[in-house]
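Letters A, B, C and D mark the chains in the order given here, with residues in each chain numbered from 1 onward.
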Amino acid sequence: MSQKIKVGILGATGMVGQQFINFLQGHPWFEVAWLGASDRSAGKKYRDATVWRLDGVMPPGVADLVVNESKPDSAPQLMFSAMDASVATEIERAFAEAGHVVVSNSRNHRMEPDVPLLVPEVNADHLRILPRQADRGWKGRIVTNPNCSTVVLTMGLAPLKPFGITKVMVTTMQALSGAGYPGHASFDMNANVVPFIKNEEPKMESETQKILGECNGGAFQDHPMRVSAACNRVQVLDGHTETVAVEFARKPSREDLLKAFAGFRGVPQERELPSAPPCPVVYMPEDDRPQPRRDVNRFNGMSVFVGRLRDCPVFHWKFLAMGHNTVRGAAGAAVLNAELLKSEGLIDA
Amino acid sequence: MSQKIKVGILGATGMVGQQFINFLQGHPWFEVAWLGASDRSAGKKYRDATVWRLDGVMPPGVADLVVNESKPDSAPQLMFSAMDASVATEIERAFAEAGHVVVSNSRNHRMEPDVPLLVPEVNADHLRILPRQADRGWKGRIVTNPNCSTVVLTMGLAPLKPFGITKVMVTTMQALSGAGYPGHASFDMNANVVPFIKNEEPKMESETQKILGECNGGAFQDHPMRVSAACNRVQVLDGHTETVAVEFARKPSREDLLKAFAGFRGVPQERELPSAPPCPVVYMPEDDRPQPRRDVNRFNGMSVFVGRLRDCPVFHWKFLAMGHNTVRGAAGAAVLNAELLKSEGLIDA
Amino acid sequence: MSQKIKVGILGATGMVGQQFINFLQGHPWFEVAWLGASDRSAGKKYRDATVWRLDGVMPPGVADLVVNESKPDSAPQLMFSAMDASVATEIERAFAEAGHVVVSNSRNHRMEPDVPLLVPEVNADHLRILPRQADRGWKGRIVTNPNCSTVVLTMGLAPLKPFGITKVMVTTMQALSGAGYPGHASFDMNANVVPFIKNEEPKMESETQKILGECNGGAFQDHPMRVSAACNRVQVLDGHTETVAVEFARKPSREDLLKAFAGFRGVPQERELPSAPPCPVVYMPEDDRPQPRRDVNRFNGMSVFVGRLRDCPVFHWKFLAMGHNTVRGAAGAAVLNAELLKSEGLIDA
Amino acid sequence: MSQKIKVGILGATGMVGQQFINFLQGHPWFEVAWLGASDRSAGKKYRDATVWRLDGVMPPGVADLVVNESKPDSAPQLMFSAMDASVATEIERAFAEAGHVVVSNSRNHRMEPDVPLLVPEVNADHLRILPRQADRGWKGRIVTNPNCSTVVLTMGLAPLKPFGITKVMVTTMQALSGAGYPGHASFDMNANVVPFIKNEEPKMESETQKILGECNGGAFQDHPMRVSAACNRVQVLDGHTETVAVEFARKPSREDLLKAFAGFRGVPQERELPSAPPCPVVYMPEDDRPQPRRDVNRFNGMSVFVGRLRDCPVFHWKFLAMGHNTVRGAAGAAVLNAELLKSEGLIDA
């Protein structure tokens, strides 16, 4: 008899929903017990409502669950939201109002002044904004994780924050799995780069400032650094690779930065949360690493890999960052958020 | 009976040599009449000495030419050098000494203080350094074209030079054909990005400063802007894509920049050199262009395509540049250099 | 003032329609003068009704044409049909009834007993079925070209037909462009083979028997050979590659087969039709050719390349065939059909 | 203190050697204790002698082992051979002579009349040939596993053997990892199929006949079926996909074949060998499966997946088979062979 916490997934039939299901297989605390999707799917068994898009086959444990309408009624307290942005706003609010804790991967609430945009190793203290959500009349809460490309960047920058980051220039080479399903046509991507991802650049820029910013006196204050992003899609399955150049208030030494990367730990590591990687940021000393295909699945996809730290002729330092966009950048990010909430006592046992 | 100028190719059996042969097919001024390679190949017919690596089959016109040792004796005045850097220095010098005009794609002489590093639309006036080569006792001359990734960048920047460029940050996504043959193992590149190209970043940085710099009083003076490059290999056949951020002495308007791109012409266009594209820099207004696979072969591969001009939160402007690395960035670049030399009267009819 | 024959394209805004437009650029006989599409597009300029999917940009000559409803009224006599199978049946018949010559790439009429399924080099004589279409009350006519994978196979087999083919086993590795747009998701195809193409295998099997069959006494008679196909999608942009094993009534010699490939010519070559390749079937003697990326664009994409002829331990001979699926297998096939019709006097000057 | 059996790896620094090291990580019976390579590497630590080519990083447990010359002296009894064919013959014999049990992935001894070519689920009884090796004066033994493409085919055919296979036609689409390192140039493979793999077709044909054949009276007797293979390289990382057509003495029913696939088990399953997959052959009922990227890693890469069983218009049945070429087709195959030998008492505890 399972003593695990039952969890629900909104948007369960889509590709992000499938990634939640995959990531939660064998989770020591959480058990997928409720699946929500559009009315079209409601009432069907998950296996009948869903075309499984991920590698391998649908986990047998969820195949016979009956898909629910996206209404709070019967749902567990802890809800993961993998909904499309076109519908997430109203539904997530309805669940929060009804007392659920909504851990969302959708972008809809990320930038709201009373919603934490969490990377648990980086800004776990942003949770202190949560009481303000009561002002909306919500009995429950909403927390969000950032856009996949933002997670990789903020994890790479967080160890360097103490040195006083002032400017960041980043170019991304993003994986196909980040585009949802069906995403790009294979005809368009074959032997090609698509140098444009709609809305991605402003999201990366503003989300990064919020995440690395402060939460004081019941309000968020953006980090004052300036961030500029150029986002591209490349023929990689999983793993966003980012070239980063950083300017600081004063140029730190190479040793300082390497020490900062190596020593970086956060709340998830302190509390040994189940999905926390031992080292959230792993510096690879090889000339040509990290590489997405070769490194993306290490440490269960939950670490961000950095490398190629070198002097920048324009800013102070350049380096590479790479992380798993659908794990560390989506499903795994949200699950780690939920583990953080649980460890804070915000979810009932 | 052909009245064309006979030309030779050093390093003719390699992949760059093959690109020269392909590009020179049907050239209105030049005719490949002499092929040089290593002693191992000398004396064989080209078809027997060469594994043809490019698409299609070996052009029949060269297949029966006998490959020569890389010695000046019987060679034509105009020599294209496609030699590997490991051997180019001595051989190119020997040809220059013996009175040949060596138009080299190799990196060996690019940064020397008496050798022009040419992008004919950008710095044709650097040819005025050539008389200094007589000080070496050379009866002939050496001119060079830049590294493939540099050509794309300098073509994209040249129209903006009048606005006073002060800083440039560039990230490249470079094509497989830029790595020579065999280059990367397909096992390494499959569904991957290799975020490192040996020596590429310093080359891009210093070559760009030389090309956009001045040639006064018998010496080159680097452009004072600072350039920082991050170079990556992606799964694209031909065409280097580059994200560029630029800071100016004073921020120009969007209209100014678009006008500058659209109106940019150089000596090759004025003189209507055979390989000169009508517009050296083509601005594409679409959200998601240029793309390497879709645009690289337009205008015979000799234009550089730019797009996505947008405000940069850190510098003044960001944009994309993309060009054909083995045409505009190698064989086509050298042939255009030779056409420029011919138009200057530096090659005998 | 143009003396060319004006032609129309049904389904002009789709990817196959775009391929027709591309292929007809600069055609010496035909000029695109009329574009038809769904009611949604009708009345708009082509540039506004169409997202250009092919490499490069929309040819300027068609960009300002106004798209028509798919009705015969104002359309030219010669109509190319690039319509989706879901709508082609009724519309093609309406045009045929109204007196148009419909040269269709759609599958809808291919297997009908009074419609020729043409590969002009192989079965130009099947045109003699056309008068039977008058029995339907059509003032015009419909001719079709086969499925892209069938064209490659039948071109490869046609030279061998005189030796009495009895059995054919074929496995295809088909290009992404054959799946229409958007076709496969890039997420699904990345580093993958999709070993299934809906309805493709029975189409290849039955179409091949019809094309290599006879047209006698006003009826088609299938070729009695048995054909078995296994169809797969691979990460190639253009060009279907097929491994073929053939059994004959009696085993011919290798020399006989090579001679048959080399000497194969058809009506298009005899009449020097504008789109006819000099050699419809090109045997490549190299160990590892043909290869789709390297050979697909030779001879304007209109030849089929064969290679690797070798003994088969089960049947008599094995070989490879490869051809351009959107040129020789679609737009180019239809244009060659139209040229054949014109050369037969079936299209008014 | 480990009670595991110490094993050695010949050719340890190459890519196949690395696959052995990866596959043996955490093996319950075997422990890598000895690494052999060329004289050039001997004496160095493994980490210094080896460029790690596989995903992730070199397992720390082997990094500090000192590489040995490929001589029997200090080596453990159980030796895995991952050597290149150019050197394997003499070295494997020297080890066998000296009393070692050589479990080889190299092709050199596969077809010898006293060496078993094992797929443990298929022909474990071929081990009874082993005593004949004593006639060579060997105190030890050599056993081999087949070529990677052969393993997939023979696993797919073995369940059907009772129905009397008479003819097999197979076309392969093989993964890049099967070509060794560096294998194909990425320039050659990009958006391409290379329809040729040197010596692969005759190997598949003859090895399949040996494996499915009998071992009676101290000699092997090939299976009398005829096999014809066409081998191709495609852009897939791991996993060979094969289209198979089979003729039988008498056509079995679809149900018979599905039952045969589903019920197929071998000695490794009976004895519950550590690397034995629960089902060696897994039939996938979906229209479009198996697919290499999506299925290759299921069951630790040790199952072969079949699908798309359908009538063949030429032979009786067609189906697909797909398996992991470097696991089930190389390192995993050899380790399973060693487990079989151990279970037979042929390796000392």
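One rule holds for everything that comes next: contacts are C-beta pairs under 8 Å (C-beta built on N, C-alpha and C of every residue); 3 or more make two chains touch, one makes a residue touch a chain.
Just so we're clear, the structure is a prediction, and the values are computed from it rather than from any experiment.
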Chain C and chain D share contacts with A, B
When B-C and A-C are ranked by contacting C-beta pairs, first comes A-C
So, in whole Å, the Cα centroid of chain A is separated from that of chain B by 42
When centres are defined as mean Cα positions, the distance from chain A to chain C in whole Å is 48
Cα centroid separation, chain B vs chain C, in Å, comes to 40
Note: chain B residues in touch with at least two other chains are 190-191, 235-237, 293-294
Residue set of chain C touching chain D in the complex reads 167-169, 171, 173, 190-196, 198, 205, 226-228, 230, 232, 234-237, 241, 243, 245, 287-294, 307-308, 312-315, 318, 320, 322
Given the complex, residues on chain D that touch chain A span 54-57, 190-191, 237, 293-295, 297-298
Residue positions on chain A within touch of chain C in the complex are 53, 176-177, 179, 181-191, 235-237
